[in-house]
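Presented below is the structure to which this report refers.
Chain naming follows the written order as A, B, C and D, and within any one chain the residues start at number 1.
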Amino acid sequence: MPYSRTVELDGHIIDSGKMETSFRVIMDMGGSFEVEEFNIGRKKTETSHARLLVEAEDEETLQSIIHELHQNGANPANPIDATLESAPEDQVVPTGFYSTTNHPTEIRYDGEWLSVEDIEMDCAVVVDDGDDPRAYTKVLNAVEEGDMIVTGNAGIRVNPPDRPRDSEGAFGFMQGGVSSERPSESTIRKIAGAIEETKREDGNVLAVCGPALIHSGAREDLAALVREGYIDMLSIGNGFAVHDLERDLYGTSLGMDTEELDHPRKGHKHHIYTISEIIRAGGIEAAVEDGLVESGVMYECVKNDIPYVIAGSIRDDGPLPGTITDAIEAQDAIREQAHQADFVMMLSTLLHSVAVGNCLPSTTRTVCVDINPATVTQLVDRGSAQAVGMVTDIGTFVPILAEHLFDERE
Amino acid sequence: MPYSRTVELDGHIIDSGKMETSFRVIMDMGGSFEVEEFNIGRKKTETSHARLLVEAEDEETLQSIIHELHQNGANPANPIDATLESAPEDQVVPTGFYSTTNHPTEIRYDGEWLSVEDIEMDCAVVVDDGDDPRAYTKVLNAVEEGDMIVTGNAGIRVNPPDRPRDSEGAFGFMQGGVSSERPSESTIRKIAGAIEETKREDGNVLAVCGPALIHSGAREDLAALVREGYIDMLSIGNGFAVHDLERDLYGTSLGMDTEELDHPRKGHKHHIYTISEIIRAGGIEAAVEDGLVESGVMYECVKNDIPYVIAGSIRDDGPLPGTITDAIEAQDAIREQAHQADFVMMLSTLLHSVAVGNCLPSTTRTVCVDINPATVTQLVDRGSAQAVGMVTDIGTFVPILAEHLFDERE
Amino acid sequence: MPYSRTVELDGHIIDSGKMETSFRVIMDMGGSFEVEEFNIGRKKTETSHARLLVEAEDEETLQSIIHELHQNGANPANPIDATLESAPEDQVVPTGFYSTTNHPTEIRYDGEWLSVEDIEMDCAVVVDDGDDPRAYTKVLNAVEEGDMIVTGNAGIRVNPPDRPRDSEGAFGFMQGGVSSERPSESTIRKIAGAIEETKREDGNVLAVCGPALIHSGAREDLAALVREGYIDMLSIGNGFAVHDLERDLYGTSLGMDTEELDHPRKGHKHHIYTISEIIRAGGIEAAVEDGLVESGVMYECVKNDIPYVIAGSIRDDGPLPGTITDAIEAQDAIREQAHQADFVMMLSTLLHSVAVGNCLPSTTRTVCVDINPATVTQLVDRGSAQAVGMVTDIGTFVPILAEHLFDERE
Amino acid sequence: MPYSRTVELDGHIIDSGKMETSFRVIMDMGGSFEVEEFNIGRKKTETSHARLLVEAEDEETLQSIIHELHQNGANPANPIDATLESAPEDQVVPTGFYSTTNHPTEIRYDGEWLSVEDIEMDCAVVVDDGDDPRAYTKVLNAVEEGDMIVTGNAGIRVNPPDRPRDSEGAFGFMQGGVSSERPSESTIRKIAGAIEETKREDGNVLAVCGPALIHSGAREDLAALVREGYIDMLSIGNGFAVHDLERDLYGTSLGMDTEELDHPRKGHKHHIYTISEIIRAGGIEAAVEDGLVESGVMYECVKNDIPYVIAGSIRDDGPLPGTITDAIEAQDAIREQAHQADFVMMLSTLLHSVAVGNCLPSTTRTVCVDINPATVTQLVDRGSAQAVGMVTDIGTFVPILAEHLFDERE
């Protein structure tokens, strides 16, 4: 095979699976390889180093292989500076631009490695020239004419986090997939521990919540978690907010006790009435301040200055005032939350969890909880080494989580 | 349409859906009808009465319609005695034998209505002649030559229980389907209430359990429910028992703490070793008596004289001594449990729940819990008016149920 | 019970379930009733008539019951004109406004019944005064100050379509729920028949499609259906369009044969590159006209002037030019499609199907196809009497559907 | 760590994942290691060799680690003969007996390596002494007093098949998990190719079928596959057989056309009548020979001398004559089928597929088809390197498979 290039792997390259993945990528894509050098860590605490000569029949295939290896942390040897090209128009990137992974990434610029700021997947990398050069990500639609964009694969270093190597630490548990057959209570206790650890380190906890959380009766416990300071940001849709407010407005005022399960009818009318009442009041904050709304998750957010993003979608009724109906604007708001988060809980929502997940670096610890295994698998598979999935009932998960957190504190 | 017969409906025939179902059956099957008489209960406490003339193009269609109406509680007017024919051979029923529903059923014999004993679905009805005539069910393979078997539709009265008419009582809640979006904790509290009611009335609680219950960490709480007298009978498979025993034998002896989730490997070896150890000990009872097994669900059953049935299946390893490997014998053992049960909990097992469900009359209160909505739907749809389904995590369900039951008692 | 009102039911009120539902509603909500008059259709072709006196302990409960009965087609006796109130501000409706169902609805105005135009659920009804008075729906956020809005329940007639009474016709099949255990090929043939019937009657077929359709290999057959005139409108998201275009741009250009399944990697890069290329080309239409895109569903839409709506969502990459990123604008575009559709196929997308379903009157025939039973159930349960659900693999459904339609035509 | 042992790995130990797994096992279980030797295959066609010194704090931990490594193909260096101990009683194995994997395994006996015959998982290995020594598996309940059983880990070599290294061959496709989002038709064509290849090599195809296959309308196509010689053995339950026969007996005789979907009622009566009729006829073979049954899968099996096993279960009605009701006997019959099979199709049944899968060596090519992803995942995860999963509708899968096979032949 006439076309070749050398790549290097470093770290726990065998037990992290990098070596295996690299071999597979090359073979799957029709290339071949020689191992030019291989120094194995002789003990489990030592790292390894390998250098592979990758070969392919044509340059295009070689490029594809190198690109793919790259995504998995095999970086070209003898690095040169990254290639930069200017964006020809707003929202138009140069051909062959480098599309990011969600792993920590560096760009070689002027012989130095710049860490790419705000790394998230599927972005272009823009390099700002100057005395203090910076590299950072931009989504396609934010690209502006003249932005210097990284193209090709040269001068780029991707560093996927090693998967945890032992069972120590809060996220050493539950490696290897998604299952409804794990010990549920013990798992929830571990998650509670990870939240406590995050809070002890002054980290930010972001909760991404779907309406099923309200239906399944977990509203009061989630509101308590907000009130008690365990949740620092909320990322939701219009549906979640409406259901939460509806419980306040109609769960009580019509004399029905939702605890007793004898709400006679689904009362879809209340849903639409709630929206109407909140519009009339001038929005959620106004409704809380005026005393119209007196309990619930939104109430606690307003009362405790917990910021929330309500991202609109095409299935919304209403929507409530404050809902960001433009998808691009909503993504920007979600992106800001995601970049500030140290710990993310994705609770019974696929749409919003995917949106948040798209903006997360692979190093942010994430817990996905849903009763549908397919949803959990889809979220956990999106490439975070730190994602933990749990298939359980959100209506029992949140109360048990709250119990562990509150017990611990006493 | 030249062929016709008259049927009668009594009770809450509109709000129970009987009337609607009857009309649909007739139309779906190609017949027609006239309403000869209809007296509607004018208030919600009054019953109604209707008499329909059912017509069809041919006798065979008419028969099919009448049969189907019958299953739904529309009984032929002007009853005559049921037709009885002798079984020609062992396991061979007369052509046109009457195949039972799981609803309370009466047979007209000598001008009197005999209540059919041990009603369950898909059986033949045998009538014992004599001074004190009896009617009772037999499954096909239990039929003996010479048994007098009911054939045709004449002289048979089926009485489906009215669905609950209001939201009172333990099972007035959760009518209308299966969902994971109900308030989970409130629902579990209601189920706890129904169990307490059953125990207050000296009723028997049968728990049908699958291995997921052990995997998901609910073993200790189920064992406590057995110990504290909330469970009177256990219906399980070999897998459940082995997993329960394995936790005792290997959860401790190898120094691993299953609570900490750091059991390094699935340890399938332990599964097969457990079976081997119990065989060596001479069975579960012997293993408990000898002190080999010191905790868990099986342990509590042995210590508290709670009878259990271990029904074998083709996917079993082993099996453990005491497992009933013959399906017919196992069904007989399950049948006996089912007939004694006043309240049945089906916990995370489809196979065993279907087997138990096949033997239950439609009047036995039943709760089906599984994380898979399809499983819950399948179980609840099998025709019991008293079945309640809950889509939740068995690993959080059992602990919360136990908490409610134990709290209540204090 | 001191508070009472009289309601009337007409039509096939027993076999359609209206009578049963009415009784249950009253009892569930704590009221009682007397049947003042009941004339039953004596034959299956005759309609019935009932008059009920509904009673409750207080006016509020009575109102709720009457409202709920109303939604199910039990209309108040002795109708008076509907109450109209002026909207106090933009987007603010009068308190107690009437929130619509998706059933055909009439408003009594000046002693005449006005049919409500463009009926869909959860809207306000606006009445335009004048020589030729009209009533029509408006969603909350479209309400303008001064709009005359219907409030209360008086003067409103809701007419839920009778469920099909026999097995005739294209949609007489598959009543009663969602299952993966129906004869798949026969069902698909029936759906093909319903599409042909729609086309013969010059009706419009709207296809709502999710990305799984492309992944599962049904792209070429769906493109053929568009080309051959079986699909008149397309409702999709950005993901569907990108996947479709990516197959065209990268399925071929890199020499990979997607038919052979040996696409080595997911090639997420291609996804983002596709968006970039289409942006560069100036949009989908431009990309087709310029010859950049030469096949696929979007290609056929452009070439055959089939209108499509691409509704944005927060999980989108890009998005493609032409995607409507504002949820309200997207809903308006979807609403227009929905109102023109005579037959809707919802193919492997929950989000877009719910959005379309929200705008459909209950009389539009709808088929929901998904491999996830929960998705199908959720869509079919949204209240259309004409919705048929099929749990199957979209990757085999579309090819078999196309085969039936093309065979039929020859 | 004072306790240590040396193990060796050979083959494609990196790209097959063996090396990674070995490292992880040691670390997960609390041990440590040194890489004493590592010769990497420099090209993709060369194999690698590694020697690890495994260390642990105590002998028990070391044993557990060595055992676990063993299961993954890391074999102890400097092999000695396997330890043999005599079974003390029927069904009782010596303590510490070696429990098999489903991978090809060798036992060192008298300095020679004996290949273990009929390898399947969770068995004991019995060695027959004599001039021509043999090693073979026995399930626990088949062990007889005096059998010489392998204990411990010494003298045992496990050889997990390398996972396919490239995309060549019928099973090179679809590596890496289970998904409903693959191209369905292309995948089915590949499966058809694998069946043809098996038949060209005079291999045996075993079909394991559940009742959903009949409900979903695939009966006629499966019957055709049997008739045309594509299926050599059938492994089913009572339910499958009854449904198949019921279609023959009542699908036609009552004048209902199942193709038209207008079977008015589920007709559960027909199910029980079918069983009764077949019992009366003296069994399935007799019913076919007498002309009572004239079509379907069972009919084709009888007519074409295709052997079938009907394994009983506790949810069966009846059962039909010929059903093996004892689970142990049924497993023995299934085991015989499994050992003869070269290609296994698991079609819409979890119970029977698990039972067959338990008896399969990891080298048998297996396809699992179900509409429920959880079922497919569970089956594919059971350790076969050759298992392919497909999430699709069995009612469209079988017709398309048959079409491909029949087309190909013409």
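Here is the rule we use: contacts are C-beta pairs under 8 Å (C-beta built on N, C-alpha and C of every residue); 3 or more make two chains touch, one makes a residue touch a chain.
Values in this document were obtained by computation on a predicted structure and should not be read as measured data.
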Other chains in touch with both subunit B and subunit D: A, C
Which of B-C and A-C has more C-beta contact pairs: A-C
Chain whose average C-alpha position is farthest from subunit C's own: D
Mean-CA-position distance for subunit D and subunit C (Å): 45
Centroid spacing, where centroids are CA-atom means, of subunit A and subunit C in whole angstrom: 32
Subunit B and subunit C, separation of their C-alpha mean positions in angstrom: 38
Residue list for subunit B, restricted to those that touch at least two other chains: 28, 167, 264, 374
Contact graph of the chains (line, ring, star, complete, other): complete
Touching residues on subunit D, where the partner in the complex is subunit A: 14-17, 19-20, 23-24, 26-28, 32-35, 38, 40-44, 165-167, 373-374
Interface residues, subunit B side, partner subunit A - complex: 167, 172-174, 180-188, 190, 212, 215-218, 258-262, 264, 371, 391-397, 399-400
Touching residues (chain side subunit C, partner subunit A) in the complex: 25, 28-30, 60, 64, 67-68, 91-93, 97, 99, 121-122, 139-141, 254, 264-265, 268-269, 271-273, 275-276, 279-280, 311-319, 325-328, 330-331, 334, 351-352, 354-355, 358, 372, 374
